[in-house]
Amino acid sequence: MNTIKGPAIFLAQFMGEEAPFNSLETICQWVADLGYKGIQIPTWESRLINLDLAAESQTYCDELKGKINSCGLEITELSTHLQGQLVAVHPAYDLMFDNFAPQALRNNPRARTEWAVKQVKNAASASKRLGLKAHATFSGALAWHTMYPWPQRPAGLIDMAFTELATRWIPILNHFEECGVDVCYEIHPGEDLHDGLSYELFLEKIKNHPRACLLYDPSHFVLQQLDYLEYIDIYHERIRAFHVKDAEFNPTGKCGVYGGFADWKTRAGRFRSLGDGQVDFKSIFSKLSQYGFDGWAVMEWECCIKSPEQGAREGAPYIQNHIIEVTKKSF
Amino acid sequence: MNTIKGPAIFLAQFMGEEAPFNSLETICQWVADLGYKGIQIPTWESRLINLDLAAESQTYCDELKGKINSCGLEITELSTHLQGQLVAVHPAYDLMFDNFAPQALRNNPRARTEWAVKQVKNAASASKRLGLKAHATFSGALAWHTMYPWPQRPAGLIDMAFTELATRWIPILNHFEECGVDVCYEIHPGEDLHDGLSYELFLEKIKNHPRACLLYDPSHFVLQQLDYLEYIDIYHERIRAFHVKDAEFNPTGKCGVYGGFADWKTRAGRFRSLGDGQVDFKSIFSKLSQYGFDGWAVMEWECCIKSPEQGAREGAPYIQNHIIEVTKKSF
Amino acid sequence: MNTIKGPAIFLAQFMGEEAPFNSLETICQWVADLGYKGIQIPTWESRLINLDLAAESQTYCDELKGKINSCGLEITELSTHLQGQLVAVHPAYDLMFDNFAPQALRNNPRARTEWAVKQVKNAASASKRLGLKAHATFSGALAWHTMYPWPQRPAGLIDMAFTELATRWIPILNHFEECGVDVCYEIHPGEDLHDGLSYELFLEKIKNHPRACLLYDPSHFVLQQLDYLEYIDIYHERIRAFHVKDAEFNPTGKCGVYGGFADWKTRAGRFRSLGDGQVDFKSIFSKLSQYGFDGWAVMEWECCIKSPEQGAREGAPYIQNHIIEVTKKSF
Amino acid sequence: MNTIKGPAIFLAQFMGEEAPFNSLETICQWVADLGYKGIQIPTWESRLINLDLAAESQTYCDELKGKINSCGLEITELSTHLQGQLVAVHPAYDLMFDNFAPQALRNNPRARTEWAVKQVKNAASASKRLGLKAHATFSGALAWHTMYPWPQRPAGLIDMAFTELATRWIPILNHFEECGVDVCYEIHPGEDLHDGLSYELFLEKIKNHPRACLLYDPSHFVLQQLDYLEYIDIYHERIRAFHVKDAEFNPTGKCGVYGGFADWKTRAGRFRSLGDGQVDFKSIFSKLSQYGFDGWAVMEWECCIKSPEQGAREGAPYIQNHIIEVTKKSF
Amino acid sequence: MNTIKGPAIFLAQFMGEEAPFNSLETICQWVADLGYKGIQIPTWESRLINLDLAAESQTYCDELKGKINSCGLEITELSTHLQGQLVAVHPAYDLMFDNFAPQALRNNPRARTEWAVKQVKNAASASKRLGLKAHATFSGALAWHTMYPWPQRPAGLIDMAFTELATRWIPILNHFEECGVDVCYEIHPGEDLHDGLSYELFLEKIKNHPRACLLYDPSHFVLQQLDYLEYIDIYHERIRAFHVKDAEFNPTGKCGVYGGFADWKTRAGRFRSLGDGQVDFKSIFSKLSQYGFDGWAVMEWECCIKSPEQGAREGAPYIQNHIIEVTKKSF
Amino acid sequence: MNTIKGPAIFLAQFMGEEAPFNSLETICQWVADLGYKGIQIPTWESRLINLDLAAESQTYCDELKGKINSCGLEITELSTHLQGQLVAVHPAYDLMFDNFAPQALRNNPRARTEWAVKQVKNAASASKRLGLKAHATFSGALAWHTMYPWPQRPAGLIDMAFTELATRWIPILNHFEECGVDVCYEIHPGEDLHDGLSYELFLEKIKNHPRACLLYDPSHFVLQQLDYLEYIDIYHERIRAFHVKDAEFNPTGKCGVYGGFADWKTRAGRFRSLGDGQVDFKSIFSKLSQYGFDGWAVMEWECCIKSPEQGAREGAPYIQNHIIEVTKKSF
């Protein structure tokens, strides 16, 4: 058993145009004042990090780390959610995803993919230089649009899609192996890796690559009604990162999981500020502690009702109260 | 209140290469022997009906009806599920849906759409000639691939998609109005009309066209965890057709609603033979009777475990036992 | 342990203007053909019994019994629900209850009460002559309108009401004692005896009179959300009669137990035909058998949706299938 | 969306004979010290307000308001629960309700009604002078004693009762319209408006008068097992006031909703101090915020176990912790 | 997938002193008339089989089988529950178990064990001669009395007990391997193998011996509140025999799983006749069919309320209705 | 009603080799600093108390009490769990329990029993000298190994065991009567008194001795799935002590109540730090307050995950927040 580290906060949803949300120094001060001890850094956010430089320069990394540490904070992980997503995009979503890529690469899926692969690899190098052990990202998706089996999927379609997905990721995973860093896929709707079964499909294709690990975020399981506690029992050995994000699912006679194209406030499944949703974090922290997870508890925050300021303020003590200092005694 | 008619059976899943499953006469005899009183006819199945001819010829329709009646059966509704689907197809699914269209129209989405519209209109004409009041179909889909809001849907995308969907369906609905027949959309994943919210979006676009009605099939609601009983409370005035189809949803630590690209047997949500699933048909028949539904209870059957022969054999008494002869007394 | 007798049927809700529902002979034949073995007779129904005569004449009783037995039926119990109700009526309900009394006694509560007491006593005498051991009735009510404690009940009000109720019933109970027959109060909303607590209040006032027993009807407990299984564990020694009546409770955002003055079809709680409601009869028959109940399982029937003919037809096999032939073996 | 105001407290149950509970100044100080920011004033409590004077004198109102504001408090609403109750009383409850009226009017229902109507109208005038937008009251009841349909209600009885109820309230509602104040009926057992269905009956009779709004108090819905969350989905546009009151319902084998005339401690349904009951306030605050409710969260307090001092002390932070500062961002 | 065979019946609880329960011929006729197609034979019942002879003589086995087949029945499995139990007995239970052994061996645990081992081995030989593939038995127990960890178990105690248990069973399992028959341990309280964890402990000690399989009986899991459906997901590859036995668990404020030394009727957990308990056989038959179980569905029957005659009569159609003829189609 | 006293803490699980856990003075200071107001003293712990001396010497007791009071603490009860256990031990557990007894008495069950009886009696005397009203202990067990009725218990076995148990305890109970102290048996698996039924068996044998009372600890009921709230309704008059101990029960497909000989972390039922388990303490404190329990709320602590330091730190405010200051008002 291990004591989970925290509280930490994923900065992506908090960046903004105005202070203190518009620079690394000011936002670090803000989160440190709220009681956080770690930050997860979205690497596409140039006000927080220069990823290309970080991949190359130890000096830059040391300075970056120093700046953050001086606020009483640690970096928990880097994140390449957006770039990881772009490693694999089905054409049906090309336009919608193009705005994650540099302007120059839009309308050029091949170049966009190459850029994305390079970005994720850079994150490995940067993580190593920063002394990090885990990295957060998305798998991307080639087959998500066929998630529901209507129309019937042609024989071999899924196999082909996962073979291609593996082909793209294996070199990346190998680079992470060299850097001694785990890739932690956030299992998420919209990605080919959206539940345990699809993760296992992928594992099979990549021959159980030891770096193909998991970021555990229960909110996405609430929204698809997957048993997020049993999930820990099954996959705990691969869980290396943890998003503390809350959600609720309240189906009605008008709306179930699929959501009728409605906005977040109107959907049956929606994300909520910590403590306002239905996630049983008490059991999650128990299970992760019991199985020896020694990473960070990083709040990811989205709420369609509560303000982010209140959410951030409440999140630090919420996580703090859930952390279990593990026992050394046995009865 | 009204007494629901039945039991009836949707023939689509029972057609096959061998007798009695390969001709109208033999399959009618088979289902009549099992105790069914009505059949729903898939109009793409040429062994059962010549839809183009039926749209034109009263003689053909009279003979067809006579042949069926002579087995002790009635036609409950015609179905154009496959053709209705082709009224609107997003390019991402073009290849997969092409095999629902005549060979000549493949790889020609525009012609395919025109053909589909004509087919559905023909079904209206044929229904009128056959004395039918309701018709079963799918809406097709232009936006289904964006069902989950990741990537974020560009502003206006859904509005545009539903405007186009309405544009395609309004002439069809008008033709149904002329024929005095209700279009009953089967609310179904994969279609733009997949729950109450999306149906309401559509209604708004078609200005509440009186013929845009519903085929109620609870199995698709179990699989998306929509409250299928409250749905009747909300939409009962528009429900004009009814599929008696069973389903179950058993999420685990590996699999939720989305299903991980698995086959039916392995998915958390799966269709089952009548009585083998979780649908509370006792309450459904109570509600439909209470609200005055006077159509047919038509078994639709798919089961990934039980044989269709056993399913068909058990289905007739199952439905019979659920039909409520409504009271004329009040206490 | 004992094997419960049945199936039987309470005739009150089935009497009507047309054959076979309008005479003892024809209705007996009808229920016997449906598979029933016993009938519970509403004594206010002059086409079935002349209660005053039955109280006095052994010859009449022997003939009545013979007529019924000749159809293969037994009398299970006599019922004086309506007359028992009139033993105690609060003035707020005088007008509404007057139509249960003979025309001459309307607008004369005192005379009406006297008549009611005499009627219930006659039922004791008649039951004795017919060889019956149990009798079904209502307690009447003096305080029901104060069921909800708003406005606050003046101190002593309930005590006074129950003292008066006891005063009226003790002479009746004593007459039942002389006749060797149990009074079985149907615990029912609208009566002062409407749950376990109110029954215990009454027992206290009548010093635990041994003839103040219970008719168990779970439908009234479903509608008030009382635990009808635990009720058997608590009161089984006093349960001497049993109504097999089904019910359901489906609260919504518009309606709870109180029902908003709506009609039966619209209420959250409503009676249903056997098997169409929520009552767990499997557990009820197990508990009653386990505790040695040796009376009759008598269907009482009301349904706001299903026809009484279908209800009666389905009721006999439903009860038959629930009867447990008790074992003599132990493991 | 709006941020709910609070915490506030309804003073009715806290007034007493001893300081600080016996004067406006002292009780205001007490609640302000506990952290409350608003008070709801029971207008029958002459130590808090002189309603007749307040209806007439702007000076009095300005002074009253000033006195309260000087403690750091605002008036949330005036309440005429007792007087509103007396607008309509069925004779069966005349005696019990008489002690809500001035001594001189007892035993004189007609005069009592007139007085009550005048009182409620005065509350409108006073509310206007105090700058209030909403007013809390009861509807009174003419038909509550027939809540359970035994004996069967004569045809037309409910229609007649609600017609009369509307006749009495329409002039009052019109006066509120003139004053620009909403009447917020607390939906409550014992009142004719005791659930959604009865409220809709009333709305129909008063032609949807725009001032006939709702005070939302979930405790009364727990006690009748009405779905208090779905209720918000249905009626949110009419909810203009909010009582934060907790309750629990624990039915047993002895007791269900009706309660067997028992005292509060023994009933299955009972009120509890905030946080000690079963009400899901997390979801309530989410829904009210989501639907834009911008009124006050006013604690109403009754508990049959906990002391009012502890209850008041815990109530302010309890409400504070539930208030959602609504977001301006959307994802 | 495979279609489960059945219905069959375990004869142990039905043998008695009077016809038809006192000889093989008469009881076979009785169960065949009830609709059973197979019997499971308790080998300690000399009126049904001479186990020692059966182990040696092919002629005897052929005759026995012929006699049974001539009634339209098949042997499903032999059972050595009592002898298997005696393979391992903790001294605390010596006296209680002695009556399962021949008179001569009582008070002689060592000889009793040897006899038991020999018996179980004989059952392997006999099974082979009878053409059977599976055998039903108990593991016996050396550590059951320490099931609850109070007093704390000395370090190594369980390891030692399971090592000894394995030592006794390995030669038996090897003999079964030679005979080509699976040992199916009925997982059962009182045995060292009483749940999945303890079975896994044993498997480890016997190095996953391929013949150490399982008899699946959900009733014993209901009584210890183990998830009997997930159990099939985990262990289906080892399930080779199946007892269709029903049970219920109704804990109260007086009694939980341990049962307070009460008799069966009074315990919270108790066995019930098929359909009278809580076991979800619909899901069990689905899962076993889905996973390809091709053995027999054998009713084991114990009920503390219902008579065995009624139980046996109802059991055959109950099982018949649950058997799924598996499909060859896929959708 | 009464206000429960607390928070208090049972010291047994906190004693250790290092300061502050190794002496009365230091541990008292530690728990007082954490906010506790009372301690329950394990009398086998010689660093805390000299039980033999305390039984004899008022001076010693006064000094002991003074020392504890001077830390701001009170003694809640003495405990003789280990000695009470030794009052009755079945030979199967002799070895395992021997280490609770003085070295000299090991392997000498008779002497061990005598010593144990004397110890428990001494605790009565000491409690009297310390001004205590209640005492915590175990009953011991003679029949626990036969808890599951397999093998069938010989007729009379349980009766004999409980007769013997009563014989041993009656003199002890009488001595407690003389001292004016209640024996509070902790109802616990492994003890003959492990649920309500077994307690009632014992009460019958000791003729309802008024001193044979109960220590209420819900954690042991969670682990056997007994209804711990209804238990209070039934036995509240005998509950005189209260352990606030949390637990959870999470059965899986591998493990139910019996636990498969696994360690605590792996069992379905396990003890947890306060607030980390499933016990509904809100309802427990309500019920105990409602029924007038006026003893101490004493945390007993065991958790297989959380450290005892964190557990102790969180326990005091946890209990404090649950204590209800009872009302003197009624509505």
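A, B, C, D, E and F label the chains in the order they appear, each numbered from 1.
The rule is short, and it goes like this: a residue touches a chain if its C-beta (ideal position, glycine included) is under 8 Å from a C-beta of that chain, and two chains touch if they have at least 3 such contacts.
Keep in mind the model is a prediction, meaning the values are calculated, not measured.
Asks: What is the set of chains touching both chain E and chain F?
Replies: Both-contact set = empty.
Asks: What's the chain with its C-alpha centre farthest out from chain B?
Replies: It is F.
Asks: Going by residue numbers, if over half of the contact pairs line up, that's a repeat, so tell me which of B-E, C-D or E-F repeats C-E.
Replies: Selected from B-E, C-D or E-F as the counterpart of C-E: B-E.
Asks: What's the chain with its C-alpha centre farthest out from chain D?
Replies: The most remote chain is E.
Asks: Based only on mean CA positions, could you tell me how far chain B sits from chain F in angstrom?
Replies: Here the centre of chain F sits 64 Å away from the centre of chain B.
Asks: Round to the nearest whole Å and give the separation of the Cα centres of chain A and chain E.
Replies: Centre-to-centre distance between chain A and chain E: 49 Å.
Asks: Multi-chain contacts only, two chains or more: what residues does chain B have there?
Replies: 152, 233, 252, 264, 331 - these are the residues of chain B that touch more than one other chain.
Asks: Using the contact rule from the top, write out all pairs of chains that touch.
Replies: Per the contact definition above, the touching pairs are A-B, A-D, A-F, B-C, B-E, C-D, C-E, D-F, E-F.
Asks: Enumerate the contact residues on chain A facing chain F in the complex.
Replies: Chain A residues touching chain F: 1, 233, 282, 286, 289-290, 324-331.
Asks: Which residues, counting only chain C, touch chain D once they are in their complex?
Replies: Residue positions touching the partner: 85, 90-93, 95-97, 100, 143, 145-154, 158, 188-190, 194-198, 200-201, 221, 224-235, 249, 251-262, 264, 266, 268.
Asks: Which stretch or stretches of chain C touch chain B in the complex?
Replies: Chain C reaches chain B through residues 13, 252, 263-265, 271-272, 275-276, 302-310.
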